[in-house]
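Following this line, the structures themselves.
Two complexes come next, and they have one chain in common, chain A, joined by chain B in the first and chain C in the second.
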Partner chain A sequence: MNPPAYGSVRVVAEQRREPLIPNGVMGMLIFVVTEAMLFAGLISAFTITRSSAVVWPPPGQPRLPFEATALNTAALLASAAALIWARRCFDRNRRTARLPLAIAVLLGAFFVVSQGAEWLAMLRQGLTLTSSQLGSFFYVIVGFHALHAVVALAALVYTWVRLQRGWLASSQLGTAQVFWYFVAGIWPILWLVVYR
Partner chain B sequence: MTAARSVRAASAGAVAVVLPRAAWACAVCTGQDDAAVSLAILKGTALLSLLPLALIGGLVWFLRRRAREIESARGAFREQESPR
Partner chain C sequence: MAESIPVAPSPARAHDHEHPAEPGFIRKYLLSTDHKVIGLQYMFTGMAMALLGGFLAYVFRMQLAFPGIDVPLFGVVSPNEYNSLITNHGAIMIFWVAMPVLIAAFGNYLIPLMIGADDMAFPRLNRLSYQLFLVSALVLLASFFVEGGAFGGAWTMYPPLSASSEFNQTPLGTTLFICAVALEFVAFLMGGINFVTTTMNSRAPGMRMYDIPMVVWMIVLASILFMASVGPLVAGAVMLLFDHTLGTAFFDPQRGGDPILWQHLFWFFGHPEVYVVLLPAVGIVAEIITVFARKKLFAYKTVLYTAFGTGVLSFTVWAHHQFIAGIDPRMANVFTITTLLISVPIAEMMFVYIATLYGGSIQLATPMLWALAFIAEFLIGGVTGIFLGASGSDIYLHDTYFVLAHFHYTFFPIAIIGSFAAISYWYPKMFGRMLNETLGKIHFWGTVIPFNTIFIPLFVLGAAGEHRRIWDFAQFPELASEPLRNLDKVATVSLVIMLAFQAVFLFNFFWSLRRGQKAGKNPWHANTLEWTTESPPPHGNWKQMPTVYRGPYEYSVPGRDADFWPQNEPA
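Let's look at the complex of A and B:
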């Protein structure tokens, strides 16, 4: 190696490696993995409690509306499908992603509002956080999911606003996508385990 | 040994015999059907043991696949750009 010469400038070309996936997407993937473990723990605890109960739902507690929630589930899955469609449009021509992204937001909002209405109905029927083990698990598990759905919906709305203004980067859409797919993907499992 | 001491010793022995049984009790085994609870615990254990492995494994698999895609795209680009 030659010593640096005085009076001259040595230009060092750094070879910088590009990340495999955008940092935002990677961060969101790690977050989603931890959240999946949270839900797995809650599902496991619920399954053990339910199997140890002699009567389920507990006496005096309403049955969860499995059939009625099927519509919400379908809306959420359709929202995820609309987001896949939005991604494909975005990769071809950004402007064409506006409609599918708006559809994804509206379907997601429908899910959140319907879940809120369902909660009110369950509260009226006497299912509260402290009324029984069913109530405790229902509001904790479904409540955590609802919290995720609201935050993910806010991220989708933010994404849509940026798309409207022409500021949306591909990585930002990717980050919102990962979060929304997690919310939509884990819901059918919760629905089948908790509601049935 | 006096009668009182004998009673005390017998009580202490009885407690010593009973205590380990209480220690064997599982906090979640409150139901009637032990088989159903055992199965639920087994399922829960399997889920919580295998899920992190599956998630981390899936992430590593996805990143390796992405790295290969990028490398093959770079290789194709270099072939295109290199003078013949």
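Let's look at the complex of A and C:
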């Protein structure tokens, strides 16, 4: 099937080959770049507003619980680490990936739930969407992140179910990984910028 | 002759068995995941929206030239209606015509065919993309019929006008407008993911990076540019929507917000957006001038790197839209410099095209006429941008008809001339028949001449100081002088003539579907892969998938009998 090898002919050695990066992972990577720009827009808008405010936090508004949310942050990062571990196991022997993947899911769920509890506490202290610039930005930025975290968590659960049934393809795990690393990786930045 | 090697079915083929042997009309044309059908869906929707956008322009131009007139087919134009018409004309032409036709329609139709793939990497995401796009168009149309009417705060949606219905008087119209734009962005995000992934992963064996036809590269770069710039605008749109509906104060200066913030978020997207639509048109023109000059594209790699560079640079110029919005004069200097810099790569691309034409055996078929018109007219648009980029002159010219004429001299060549070039060139592939040449030429001249007589008068009006957002100039006596009013009439009459000539195109388009001469596989003797399959291509595109042996522009190679050398032909 090889083309004739004379003249200036290019030798087409490869047939239709496996792509370097599987479709799903590549699509997710591109999506994540867009998402990163979305958060970059939000963060810069927040920073501009904050730096031009006379007093911050605005009068009558609570300070955001920077220290209390440190635990959540740690849980989310640990969950990403568990996912890295799951990938290692998956490449060696699929079935051993079950435990680390379950840990990643549980830590992620812990983050989402305790973050929700934090929100309720903030609402009780008088920080609402319309109470001040701080409230507006807080709920929009952190809300966007929460939305991503919930969707990504659902994807992780789905991945775990497929793994359990033995249907999980390597590229599917890869796709979920990219999304979850994004959710976990952007959080410390949001935390440092918004909460402090 | 063309020879191909059989290949194992690729994963993208897996959708084949979704289709029964003889799919019904709905499954075949409305729910198809075939990239060609989706491309045509985008194209027809875009054409319908273009007719609507043209109609809106006709109505408000009539009001400008003949204030208070009872406009045929519409009626008397009130100030609020005038604002809605202008706003939606701009938004429709950019988001529902230029983007869907240039990027989505041709991207979908051409990318798999030109890189030798059987379909997109994510066919079902692709179908969803079109469906969302259709919904976004319907939401926009719905905004005309709700209480208060359609949004009228300009396509740039500046707050505080857009942030409170107390000011804009269109409580629901504004909400629907923002939602429509947001939905449309999601649709294009899906499309963009598909275009980039497909081009990277599904190329025919043997097709290396520099063998990819220029139009494919340009659509891919445009998609990347779009996806990298749209995030901040989506963030801003959500904030604006919250300001408008939930009572937040992101952009309300009275409550600690910052209206200029919106302008930054908008133009950070808005300026790259102009290159998002420019690049596909530049790619289309590259395909056409090489075929109709029978010459290799001059400096392929230079064009490609230039496009990359322009893309990067386009993120650094946005504040040239805000020179009089109160930005720091030192910032204004920086943005003047970057803006003047960006005209260098654009000029370079134009020179490369002229070098490609130089010494070629030029055939003035209709697609070539459109391509040449693109180069000539876009040049005027680009050059007038320099006056606006220099902050000194822009302080005077800002928001006059000069700006308006500038961007129509860029957008019209891109969106209208570029689309007609592409449609007349790929029509034989899409429908298997040729368009009529005589009608094509009548339509060409009937479009391009009136286009110039619409917008040259507007340059003059703008230089005389006419502000671009005024409903009736009779209320501004210094601007209502007889000579200026007459120029406005020239522009309006030219517009009506140009719109009338579009009937020739529509007739040609639909008449040729049945009566046109049969096209065969390769009527233009072109090299790229789409011309190696049937016209129109079957589901799956090729019976035997092609293999690529050379670059796309090997025309008039010395020592060969034929003056073209298809990419899939072994030596």
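As a convention for this text, the second predicted complex is superposed on the first by the 181 of 196 C-alpha atoms of A that agree within 3 Å, B and C clash if a C-alpha of one lies under 4 Å from a C-alpha of the other, contacts with A are read in each partner's own complex, and residues count from 1 in each chain.
Throughout what follows, contacts are C-beta pairs under 8 Å (C-beta built on N, C-alpha and C of every residue); 3 or more make two chains touch, one makes a residue touch a chain.
Since we're looking at a predicted model, the values are computed, not measured.
Novice: Regarding the shared-chain residue A:40, is it in contact with chain B (first), chain C (second), both, or neither?
Specialist: In the superposition, A:40 contacts both chain B and chain C.
Novice: Looking at A:58 after the superposition, I want to know if it touches chain B, chain C, both of them or none. Which is it: first, second, both, neither?
Specialist: Only chain C is touched by A:58; chain B is not.
Novice: Determine, under the contact definition given at the top, whether A:21 touches first (chain B), second (chain C), both, or neither.
Specialist: both
Novice: Given the touch rule stated above, what does A:147 touch, chain B (first), chain C (second), both, or neither?
Specialist: A:147: touches no partner chain.
Novice: Considering only the touch criterion stated at the top, classify A:50 as touching first (chain B), second (chain C), both, or neither.
Specialist: In the superposition, A:50 touches chain B alone.
Novice: On chain A, which partner touches more residues: chain B or chain C?
Specialist: C
Novice: Identify the partner contact of A:129: answer first if only chain B is touched, second if only chain C is, both if each is, neither if none is.
Specialist: second
Novice: Per the definitions at the top, what is the overlap between the chain A residues touching chain B and those touching chain C?
Specialist: 21, 33, 36-37, 40-41, 44-45, 48-49, 52-53
Novice: Going by the contact rule set out above, which residues of chain A touch chain C in the complex?
Specialist: Contacts found on chain A: 1, 3-4, 6-10, 12, 14-17, 19, 21, 23, 26-27, 30-31, 33-42, 44-45, 48-49, 52-53, 58, 129-130, 132-133, 136-137, 140, 144.
Novice: If you look only at chain B, which of its residues touch chain A in the complex?
Specialist: 28-33, 36-37, 39-41, 43-44, 47-48, 51-52, 55-56, 59, 63, 66-67, 70
Novice: Can you name the residues of chain A that touch chain B in the complex?
Specialist: Interface residues on chain A, with respect to chain B: 18, 20-21, 29, 33, 36-37, 40-41, 43-45, 47-54.
Novice: In the complex, go through chain C and note every residue touching chain A.
Specialist: 5, 7-8, 10-11, 121-122, 125, 189, 192-194, 196-197, 200-202, 204-206, 224, 227-236, 238-239, 242, 246-250, 255-258, 261, 264-265, 268, 545, 547-550, 570-571
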